[in-house]
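Note that the chains are named A, B and C in the order they appear, and that numbering of residues resets to 1 at the start of each chain.
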Amino acid sequence: MVTPARAIPVSASPRVQDRLAAAADGPVRVLHRGRHAVYLDLDGWCVGVVGSAAVAVPCALRLGASELSTLSSASVQVRDGILHLDDAPLTIGRLVEVRAPTLRLAHLQRSLAASAPRPEVAELVADVGGRPLDPAAVGRLVGRGDGLTPLGDDLLCGWLALHRAAGVTTPEIDAAVLALLHRTTLLSATLLDCALHGEVLPQFAAYVAALGTPHEPTAAAALAAVGHTSGAGLLHGAHLALTELGASIGAAA
Amino acid sequence: MTTPTHVVSAGADLFADAVAAQAVDVTRVDWRPPLPGTEADLAAVVGDPRRHAANEQAVAAMLGVTARLVDVAPASEVLGLQRGQFLHAGPPITWDRASGPMRGALMGGAALEGLVADPEEAVALFESGSGVELEPCHHRRTVGPMAGVVTPSMWMFVLEDTATGARTHCSLNEGLGKVLRYGAYGPDVLTRLGWMRDVLGPLLQSAVRSVRDSTGPVDVTGILTQMLQMGDEAHNRNRAGTLMMLRDLAPAMVASGRDSTDVAEALRFIGGNDHFFLNLAMPACKLALDAARDIDGSTMVVAMARNGTDFGIQVSGTGDEWFTGPAQVADGLYLGDYGPEDANPDIGDSAITETAGIGGFAMATAPAIVRLVGGSVPDALATTRRMHEITLEENPRWTVPVLEFQGVPTGIDVTRVCRTGILPQINTGMAGAKAGVGQVGAGLVNPPQEIFPKALARLAERARAHADQSD
Amino acid sequence: MNTLSHVELRPGAYADSVTLLQVSRAVQGLDGVLAAQVAMATGLNVEVLTEMGFEVPPDATTNDLVVALRLADASALEAALAGVERALKDANRRESGPSELAAPRTTASALRRAPEGLALISVPGASALVEAMDALDAGRDVMIFSDNVPLDQELTLKRTATERGLLVMGPDCGTAVVGGLGLGFANTVQPGPVGIVAASGTGCQQLLALLDHAGVGVTSALGVGGRDLSAEVRGLSTREALRRLDADPAVELIVVVSKPPAEEVAAELRAYSDGLGTPVEFALLGAGRPDLTAATETVLTRLGREVPTWPVTGTATAATSGQFLRGLFVGGTLCDEAMLIASSVLGPVRSNIPLSPELALGADLAAADHTMVDFGDDALTAGRAHPMIDATLRLDHLARAAADETTAVILLDVVLGHGSEPDPAALLGPAIAAVRQPVVVALVGTDADPQGLEGQVRALVAAGAEVHLSNAGATRRAIELMKGQS
């Protein structure tokens, strides 16, 4: 008698749940393995399996706080729409909200805290800032930079997600992004897809919620601290968007 | 509302399982029904609107005390103790109910004060009751180890909380073996007590005053802080404390101008008695706990004490009332040929150390003690951890290195004892049941369970009365 | 037959009723064991044991564990008792955490180990205040599943919570969803713009199920306990719950689900709601008022969302005999709703939670009348697992109702979600298949519930039931099937 492997409870966004439910049975390619996270190619869309110490990307299955050792598993496969790590099913016990909260720009009375971007970010911002983002600028951003999530993509994610939070559509930029997704890593392309839907990291959602409140500088700092430069990229992408949308940044309070 | 990152579940496992299945961390409470008959009283006391703040106040008061050694003087002076008056350890007791060691100590004390020529004659004196009075040490801001008998001519350590001027007292420790506090009253005992009265007391007074007036009084609380990091727990193990105290007082003793033979004898006496510091640790603990007395609504225990027959507690929210039950016989290791049938029931005010969060409560910091009391090192750690279940707070000054410097469990809460059935753990020496035998062993002992529901019931009465008034 | 009955009392031994249910089941499966029950000696359990033919010593108290075995013959006793020990040990075994660290013994001690988070209390009602107060003292919110908590203790807890800006969900709160995390009996829902304040567990669950089917998510559903909107408690928790949902930027519409509160409480409540930034819809279930499904439709309309046709699967045929509708419910509010709808068409309905006192059922729960029973009511769950976990009592009454020739139509609710029976259709299916009368089922659950909604529907339909998502819909259908019989 085969003892069924113990189920591992996870939480996920409704879109991640839907993608898994629609996935074909069979082995899944591992894109990247880290200490607290593993990233998988699920039919051309990246799904992460992340422990509580990892960055909670919106395209991931999230483990409860105490589980982390199962991530160095040998086999990964989908069976009946459920992801299995070494035969242990990752059962989605809870659905999470990954969309940034609604941003009421009109209510944003206080000006935003200014912060000097890091050199790498400053370079990008200088390249595309100062005027509204256009498809040409998108072309210079997608896939630009090193690592699993290039900095140019992070900037774009921040810009897109902020527009979604503010309820503003950006069809031209969206199209430009979609056309270039093949130029970057699968994970980054997936995160851009998430951003197009307004789906973000918890730190980004917290930053949006904190805009115009006394908590804003702390939230901005927390976002900027995410990853190596990713958080800074997201933050300044959001700033670019806010500038375009009329909020003033760096002006005296 | 944000998603909780953690849930604590008390009750059916099924709900904890359901939370875990949703990928959220859950801590399960190992809940069991409270001590029989306490449910209604627990609800009344826990529901008392004064309780939470009262307990916070009690703990703060206790932790805010720093005990300093300001004097050494005879009990007749500092306690107003008069001829024929005897203080003793534990809750109030009468001669007829007293056990062997207590009687022996009282008899020796009577002889020491010249009430009788021979200690044996004191039996008739105490039986008659004329010209003699017995009173708990606690009623006179004093504590005494084992029989804890105090007579007017005995010299007392005087500790003071400089912030409030409050004071507590304790006699000088005679040493091990056949001593008065174990109920011995032979000529050696009386001779030694005489030397302590004539030589040791005055010498210590001189040294203590000299230190007090020059560099400031010895900080006993501070010595306790350091002791706990050095393998002492201040009840059964006081070696480091004794040596630190000696270090603080020795120069002044030498410079006192007294006869160098006396000074040498005194230094040898103190240095050779690993329990000397116990008689400072105890009043330091009492000083801290006295600051927490009489706070309406507080469920914190302010004294645990035994007289060799009864075990009694006093609680902050119920004033001076003693809640008593039969003192238990300790469980542990015996010296020489002695066995359980030789042991007297629990005796002494030294449980004031556990009441303050040290002694048995700090067993984890003194793993060496566990061999003496017949346990293992994991037992010691588990005991301290278990005591955290029945206390209100951790002591920020008195910490246990091996438990990652967690503070000792502080502020025994009557409600938590009744809820969990976990009784305070005391490390103690065992006196021989026959007066004069001395120490027969050391071990672990608990208070009798019944006294906590009794205290709870009185707290509940007061809580209900308060509720009726406010309606 | 040499059958041997063995009854023993174990004073001071304790385990919660759900654990003992598992133990009893395990022991019943042992060789030579004809019947077995391991339970705390509460009044109800002693009755059950006596009915099973066991003699329980008269001095047994609720603090005593009773082990009752009926064996094929005496030789099976030793092995059976060993089996009892094994089952008790297995049931009590916890996963050990970090070595040396024993599990916390009080909620206070557990909260010291958790830097944040709330407490969920399901200990016996007489001890609930003490554990819940630990949470409030630690500055945390608390959900109290426990029932039989005295009113004055509820007031003490809620006054303390109000002073400290904390939320007490309960007592007698069976369901909550806090930021997507289900507590108690709760469903897995999509995140979305609705916030719920519920004085009723299964009423809340019905809303969750209908909204989820309509594609509308719920951020939080805060239970406040059945007595919060009474004249004595005056909505202390309801107010705090409203405040929290109003402050949550993700919540665009708040729904309050409850029986109609006392007039003065209702007025205060509306005044308070009017002062909030978020609009509030009141779903107050009572005579002459909209049912829960209608209330849900109003919510959808207010949000500008489409109202779907509520799903019905399977087809029951009209009744051919009997005169009475018999409802067997696990959800109190679902039972209430069914009674309100049924009484307005069929006339008086008798119940253990009757709409008026003269309609009360006796202890046998039977009558020559329409009957609707709430098996989750306090009186039927004292010392016993809730019917959403332990189907035994309801299955028993289902068989009786089917055998009763006066029964025309049977109406059942099945509630899915966390905490509930993992496969209710497997237990009910065979029982339903054996029923000749038409059976209508209100299956309350969401797509993402652990039981698997789709599979449950299929199994119940295969057993011959007609399955509705809407309890109101199921009730109306059951009434329709009665035509000509009553």
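The definition used in the following text is that a contact is a pair of C-beta atoms (placed from the backbone, for glycine too) under 8 Å apart; a residue touches a chain by one contact, two chains touch by 3 or more.
Because the structure is predicted, anything quoted here is derived from the model rather than measured.
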item: Chain whose Cα mean lies nearest the overall Cα mean; value: C
item: Distance-maximising chain from chain A - centres being C-alpha averages; value: B
item: Whole-Å gap between the CA centroids of chain B and chain C; value: 51
item: Cα-centroid distance, chain A relative to chain B, in whole angstrom; value: 60
item: Geometric centre distance via CA averages, chain C-chain A, whole Å; value: 39
item: Chain C residues counted as touching two or more neighbouring chains; value: 180-182, 188, 219, 418, 450
item: Residues of chain A engaged with two or more neighbouring chains; value: 11, 91, 93-94, 96
item: Residue list for chain B, restricted to those that touch at least two other chains; value: 3, 5-6, 21-22, 24-25
item: Chain C-touching residues of chain B, taken from the complex the two chains share; value: 1-16, 18-19, 21-22, 24-25, 27-34, 36, 39-40, 42-43, 46-47, 49, 52, 378, 381-382, 385-386, 388-389, 415-416, 419-420, 422
item: Of all residues in chain A, those that touch chain C in their complex; value: 11, 14, 17, 91-97, 101-102, 209
item: Touching residues on chain A, where the partner in the complex is chain B; value: 7, 9-11, 62-66, 91, 93-94, 96
item: Footprint of chain A on chain C - complex, ascending; value: 180-182, 188-191, 217, 219, 249-250, 418, 448, 450
item: Complex interface listing, chain C residues touching chain B; value: 14, 16-19, 63, 94, 100-124, 126-127, 129-131, 133, 135, 137, 145-146, 150, 153, 156, 160, 178-184, 186, 188, 219-220, 222, 244-245, 248, 389, 418-419, 450
